[in-house]
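Chain IDs A, B, C, D, E, F and G follow the sequence of writing; residue 1 opens each chain.
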Amino acid sequence: MSDFEYVEHQGIIEEISPNRVRVRIISVSACAACHAKDACNASDMEDKLIDVYESQPDLSIGQRVLLLGKKNLAPLAVTLAYIFPIVLILATLFITIKITGNEPLAAALSLGVLVPYFTVIHYLKDKLQKTFTFTIKHQIN
Amino acid sequence: MNQWKNFSKGFFKENAVFTLLLGMCPTLGVTSSAINGLGMGLATTFVLVMANLVISLIKDVIPEKVRIPAFIVVIATFVTIVEMLMQAYVPALYDSLGLFIPLIVVNCIVLGRAEAFASKNSVGASIVDGLGMGLGFAMALTLLGSVRELLGSGKLFDISIYPEDYGMLVFVLAPGAFIALGYMIAIIDKMKKA
Amino acid sequence: MNGCGFTTKNITINNMATIDSSLKNMLLTLLIITAISGTSLGFVYKMTKEPIAAAKAKKQQKAIKLVVAEFTNNPAEDVVELTSKEGFPIKIFPARKDNQLVGVAVETMTNKGFGGDVRLMVGFKPDGTIINYQVLEHKETPGLGTKMGLWFKTDKGNQSVLGKNPGTSKLTVSKDGGDVDAITAATISSRAFLDAVRIGYETFMDNKNKIEKGAAQ
Amino acid sequence: MSTLTISPSPHVHSGDSVKKNMYGVIIALIPALAVSLWVFGLGALIVTVTAIAASVLFEYLIEKYLLKVPSTITDGSAVITGLLLAFNMPSNLPVWIIIIGALVAIGVGKMSFGGLGNNPFNPALVGRVFLLISFPVQMTSWPLPMQNTTAYLDATTGATPLGIVKEGLANGTSLSELMNQVPSFVDMLVGKMGGSSGEVAAIALLIGLAYMLIRKIITWHIPVSVLGTMAIFAGILSYSNPEAFAGPAFHLLTGGALLGAIFMATDYVTSPMTNKGMIIFGVGIGVITILIRVFGAYPEGMSFAILIMNAFVPLIDRYVKPKRFGEKVK
Amino acid sequence: MEYALIIISAIFVNNVVLSQFLGICPFLGVSKKLSTGIGMTGAVTFVMIIATLVTWMVQKLVLEPFNVQFLQTITFILIIAALVQLVEIVLKKVSPPLYQALGVFLPLITTNCAILGVAIMTIQKDFNLMESVVFATATAIGFGLALVLFAGIREQLDLADVPKGMKGTPIALIVAGLLALAFMGFANLA
Amino acid sequence: MNVVLITIITLSALGALAAIILYFVAQKFKVFEDPRIDQVEEVLPAANCGGCGFPGCRAFAEALVKSDDITNLNCPVGGADTMQAAAKIVGKEVGTAAPMVAVVRCNGSCENRPRTNSYDGAENCTIAATLYGGETGCTYGCLGLGECVDACNFDAMYMNEKTGLPVVIEDNCVACGACVEACPKDIMQLRNIGPKSRRIFVSCVNEDKGGPAKKACSVACIGCGKCEKVCAFDAIVIKNNLAYIDYEKCKLCRKCVTVCPTNAIHEINFPVRKPKPPVEKKLVGKVEEGTVKTPTPKPATELKAESPKPAAKVEKAETSVKKDRVVEKKDDSTPEKKDKPESK
Amino acid sequence: MLKTFSLGGIHPEENKFSAGKKIEVLPIPTQVSVPIAQHIGAPSTPVVERGDSVKVGQIIAKSSGFVSANIHSPVSGKVFKIDKVLDASGYKQMSIIIKVDGDEWEESIDRSTSLNREITLSAEEIVKKTGEAGIVGLGGATFPSHVKLSVPPGKTCDILILNGVECEPYLTSDHQLMMEKGEEILVGTQILMKALKVDKAIIGIENNKKDAIEHMTKLAEQYKGITIQALKVQYPQGGEKQLIDACIGREVPSGKLPIEVGAVVQNVGTTFAVYEAIQKNKPLFERVVTVTGKSVKNPGNFMTRVGTPVKDLIEAAGGIPENTGKVIGGGPMMGKALASADVPVTKGSSGILLMPDELSTRGKTESCIRCSKCVSVCPMGLLPYLLMTLSQKAIWERSEEERVMDCIECGSCSYTCPSNRPLLDYIRLSKGTVGQIMRSRNK
């Protein structure tokens, strides 16, 4: 299960405030080292900033750290961000078509259903924030 | 000299297929015969050159942030034009390339991106670059198509080289496409190092 | 990190862009570009519309010509669009010579091919005897199923279906107890081919009256 | 005792070796080879010799001239690959096709990945399926048993039992009728049926299995789970509609089920590392085999099923771990 | 059981990557690690479904009524590009943590042939809305299956002694080829 | 309706949509990345070796851009030029780290160090080191299993099969320190390249007392202290029966070389009348030998040829007399005054 | 069915040539060299100086920490020097070298051979005295026994398990000790039970020592709470985790000590040493060492003073055979190859094994054929093939996930691998590195 247990990113500390450390993640995917990156859209990904709600005394800006995402974070994230909405879309679609038989309507509705879904997620923000905390693990070396 | 370099890099050093590994879908998808590969390659070249031309012309009047969508529009326009032209004048080729013609759009976004991105080149250089990349791509596709056609059905550009019965069907099918490309890249890597 | 390359990256360095990225500017530029693009596309479309239609018609015409005897009418104009019992759309192009039905070109299909749909143009004499056929569309495997284009015309063993009448001969592959030799190692495609022929034949026969009536007019 | 040797512990070794295992498998294959020669005669001999010779030769050439590494042909694995490749081909296959098959098996299937131990897919099956798809005509015309012992390319051919049943069912012939057209179970046991040169003799293959189990070359997990799953799955289908689906015994005795389950699914390199994993692997092969046989395009599905499950092996190894000491909660 | 056929066909028989040759770039590019493969699969599925819904509507409500089907390519690609952007914004706005965990994959998707390919194919195959969406979902699952298997094998090969000249792309392509070879066994299953 | 018109309308609508979305994207995603990072990365060698202490060149580029004081940052691969270029971009001062090169501090070749045992375990120095002190009486010296060679990403090392010791190909070595890290016996060390690539060091790490040390290896440092006494610059200290030459203090006078009774001190690249940098040397290899004050003891079995990757083959090059910056092969490069006769 | 442990295991050729050979007392050598680090933990600090006279049993180096042990002089004579001397570790170690002169013992030691069943000391006194007597585990790990006997607060011990398994091929010292000193061992067991405050003890003995099982069972009838458990012959049954599993079916969790499941394991030799220390006041300075090997003339078991050169032992067994290629300190599975026969016997030396040339070198390493044999024999349920590769490729994080630290270094994997892969060599490397990483993380 190891792959699901945590995600690891390398990053550089960007900003430190009393209870938050902002880490810039670099080369998140395979792209960073790829020879084709100049020609590839994927490498456009700018660095990502991740907030770590944990303060450690011995951190300094510019320091390289290893970020450790919590156990089981990846599947949960995939579920929340994609799988749930997919199920929602499919269900809405199916039900609407069964009831009304109106395809464009069904299409519109099932897209529309994402709005409340993401609104809910939005309100759960703080809660999720905690589930998805990253912790800082010092880079070995 | 510089122009030449600019042009020739697409063939070997920065060949989209063999080196950059871009545009793999059409590379694998349409190369069941040499002629298809060539057709696809040329269509792509056309779009690339035209798009480069237009983009480098208008680059100064586009706000940076819409540069990419603008580029997409331009490319898609040319793709659609190619699509219609092929449909009108080479319907057979159009039929055999199928889905991959509209997909040129994706491919060209990828291939031409660096150009759009930096936009640091003059009109002439852009065209040369597009031409080089495009023809390099066409060359790769034709090469792969030839290999597959030859191994798969004993023909080359539809000319029979040896009896079809001795051909290895796999090579015109999906697995053969991957395998043939795999070995070709290995060989070309080796040549590059040597 | 913004996707799709909408990035601010190099721009700051290459101070080439002379235009601000304000909403207005962005809107305007894109509008203009799309408009230009739209215009050119519209025109190319108009320009190629004819040739495209012509190319299509030519293809069809060629197929019809190939599969039925000489005719004097324009079968494409007289086309009868039907649905087979299996639910496939079937087009029947009556070929007339001197207002006399000399045959029909039936655009028929089946979904039983190895790779899905197989579409044929089959020419029948009014009595149902097969004159000739052409494969319009298929996704069979090159080197196997693709052989159907010639196989069933080749006079070798029991391969050929030309001159046979589905009503009187058993047009199924010999493996299934019929009279036709299947393509080597492509029985599935062979079955599909014969299935499409049968569907065309039956649809034609079921609607023969209607078609002949058309002829009478 | 001038210079004492120093090495980390342990200082003794079981004496087991790659060679012993490989030659053990070869020995286990001899009964099947004998039956094959008896049933198909000259053709089987030519096919087997060609396949083995070509496999070994290609391995030698590739190692010597392309990879430039010491030769490993004596470890016996190339011989097995050749032998099993031959066992998976009809005995009237032309030599040039066999050579292509061996080249693909060894060159693509094995050496491209670095040779013994590194290949994710079973080399013999890579070769076999490659040929099946490339030369479907030649690869699916089966010499009749006992009638061609002196013929090779000109052998009279017929269908395999699975082919007969598949075709027959497709035409709507009833199964009971078809069962009269296929060889009796006794004939199947001793190998008197059409099929690939080495897959026909059930008894001989089972003897091989017994030998390998006794010598601890393989464990029971894979063969049993493959065959068990096939039997159960076929049994359920056949129970649900006896006229449309053949029964377990038929499925187990035909189409290389035994050859695959005993000799090919068990290939160390391409099977999972843990007992649990092996069982999952075997069940997968069993299910996919029957699915392909019953619903797919091919009358036999063993080769594909093994290759497909080969692709799952890394995942299985990743997520199915042996029971670890200290896990038991007391 | 039409849908079952569509599903089996799209996942196994006509797998997008292994037999249709779509989405090869991310297939080769994002398959070095299993975990990334899984995230990518989720993102692709999601975008593919939404894109199918939207493009289907555009096709039926705009292109067909006005008889401008020739605009398909250009409209679809623009819509997809915009859509991916939108998803990114929404995700970021709505749930930064989710965005942090998954945002990486989104940009990769714009230039994924599979999305545009599926959108066009549903139109070509004349699927109704439900079929289109089922098809899109199954296609994405097929993509995911191929990706995960492939990533597993590549992780294992990382630990093996692949010859120098074959390392990297060549061996990955050979593996893909053999995987496609194995998948041919599913032929005609549906 | 006119197709052209519809086309324009459709596309324009889309265009507007895209523009709006993009606008918001732009608002939300203002990520500014210092462009200088890219520029700096350009000038870095892209070796991604980690020699700078950062994982990869880009990370180093970022560090260069972001840190206020970069004087103690250094890219060993690119060297001073690179650092100057990078410093120019970021407008900061670089430190002047002297260029370094790896040296092998053991000369216990097969003849110098009789074997007392033979090792038969995994081919890995670290594993062997946990098990025993070595195949010879010296428990400090090189184990000869080549872990340092494996660690080097620059083809700058190979094992000399004759001596069983690693050799650094000076021209290739970028002083990344990977070999130093890898060696469990601390045999490898980075040292100043020195003027004209000349340097002097003690090629021994044996801390045993003189007797046992000498017994185990004929060229061991026995800690006699003669070198310490003769050094006018206090560059040599003796600790634990072992002399160590501080390269920062050493003035390359070579007095110590001559006094060492066991030839444990190596001098490298010291042709007597060398007017030119080492490159020249190759050409005049033979001459040079003659000119060296202290004749090189053994023929240059391992003199490294200048060819960039003489790797495996080099040991055969008995004939190649070119010595050049190849660094320290212990035998040849030790022009000790007297030395044992050419053994081999 | 005999009990045994649940996972993996192998059964190498037993080759117990010296079984049944009476324990002989080895003549005292003329000079001994006693390393100050003979146990797990901190090396002891010498308390004698050059030139000092010492008696047998006199303390010559003191424990320097909680996990450390006293060292007593094994001979009487003069301290010749304290210097670095090659020891079995292959490195030079600080050792106290004593020139022998006579055989004069400390008076406090009771040299009589009579059995003393009566346990007078309290639990605390027993632990203390065990420590003072410098007793360390004689089963191989040389872990200071008093540490094991001090059950940490919060943990309880409910059973004592004695390790009489001697699963290593060739070795017979424990076997012979049980045959000859059975009663003493049983009394020692009672002493340990008292120290641990448990009322149950099991002595696990493998079934290839039927005579010992029978003998001990008979003797144990008179001792309350002690049972003899016959075990199926299988290596590495002697590993304490395996032994606990085999005897009482409890599995010590990953990274935990036996006390976690309420057990303490002691070797029978250790128990004998405890008996002598408590009842006879005799510190640990001699032990039984098996000298054996296929070509050894008179394999046997010798009561040997610590510090005796291995050479002397070999002489006693008939001298070193011509074709000896390897000298191993300990058994063939876990023992250490010695660089020279001059190294001294230490508290941990259970045997000296001489391997003829043909058995001294390993086979050629080939690539892993994924046969999974290593997986199936690993008693800890690990994936040795993977651990080795991860170690070679320096993928330490994954190694940690794969629980490399659980490996007990039994060597079953290397033993069984048909490709002769040096699995354990690399796993040890990995354990070292991963251990370091883990420690630095906890800092």
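Brief remarks on what is shown
FYI, contacts are C-beta pairs under 8 Å (C-beta built on N, C-alpha and C of every residue); 3 or more make two chains touch, one makes a residue touch a chain.
Just so we're clear, the structure is a prediction, and the values are computed from it rather than from any experiment.
Steps from chain C to chain F, minimised over paths through touching chains, total 1. The most distant chain from chain F is C, comparing centres defined as mean Cα coordinates. Rounded to a whole number, the gap between the C-alpha centres of chain A and chain E is 20 angstrom.
Centre-to-centre, using mean CA coordinates, chain D is 49 Å away from chain G. Chain centres here are Cα means. That of chain B falls 70 Å from that of chain G.
Separating the centre of chain B from that of chain D, both taken as means of CA atoms, is a distance of 41 Å.
Annotation for chain E: residues 29, 34, 68, 70-71, 74, 78, 81-82, 85, 88, 93, 103-104, 107, 110-111, 161, 166, 171, 174, 178, 181, 184, 187-188 touch two or more other chains.
For chain D, residues touching at least two other chains, in rising order: 4-8, 108, 114-115, 117-118, 130, 133, 136, 297, 318. Each of residues 21-22, 65-66, 68-69, 73, 76-77, 80, 84, 109-110, 113, 167, 169-170, 173, 175, 179 in chain B touches at least two other chains.
Residues 1, 4-14, 16-18, 20-21, 72, 75, 77, 114-118, 219, 268-275, 321-328, 330 of chain D are the ones touching chain G in the complex.
Only residues 62-63, 66-68, 71, 74-75, 78-79, 81-82, 85-86, 88-89, 92-93 of chain E touch chain F when the two sit together in their complex.
Chain F makes touch with chain C in their complex at residues 2-12, 14-16, 18-20, 22-23, 25-26, 28-33, 35, 38. Here chain G touches chain F in the complex through residues 84, 86, 89-92, 336-337, 339-340, 360-362, 365, 422, 425-426, 428-429, 432, going by the rule given at the top.
Residues 66-67, 108-109, 111-115, 117-118, 120-121, 126, 129-130, 133, 288, 291-292, 295-298, 301, 303-305, 307-308, 310-315, 317-318 of chain D are the ones that touch chain E when the two sit in their complex.
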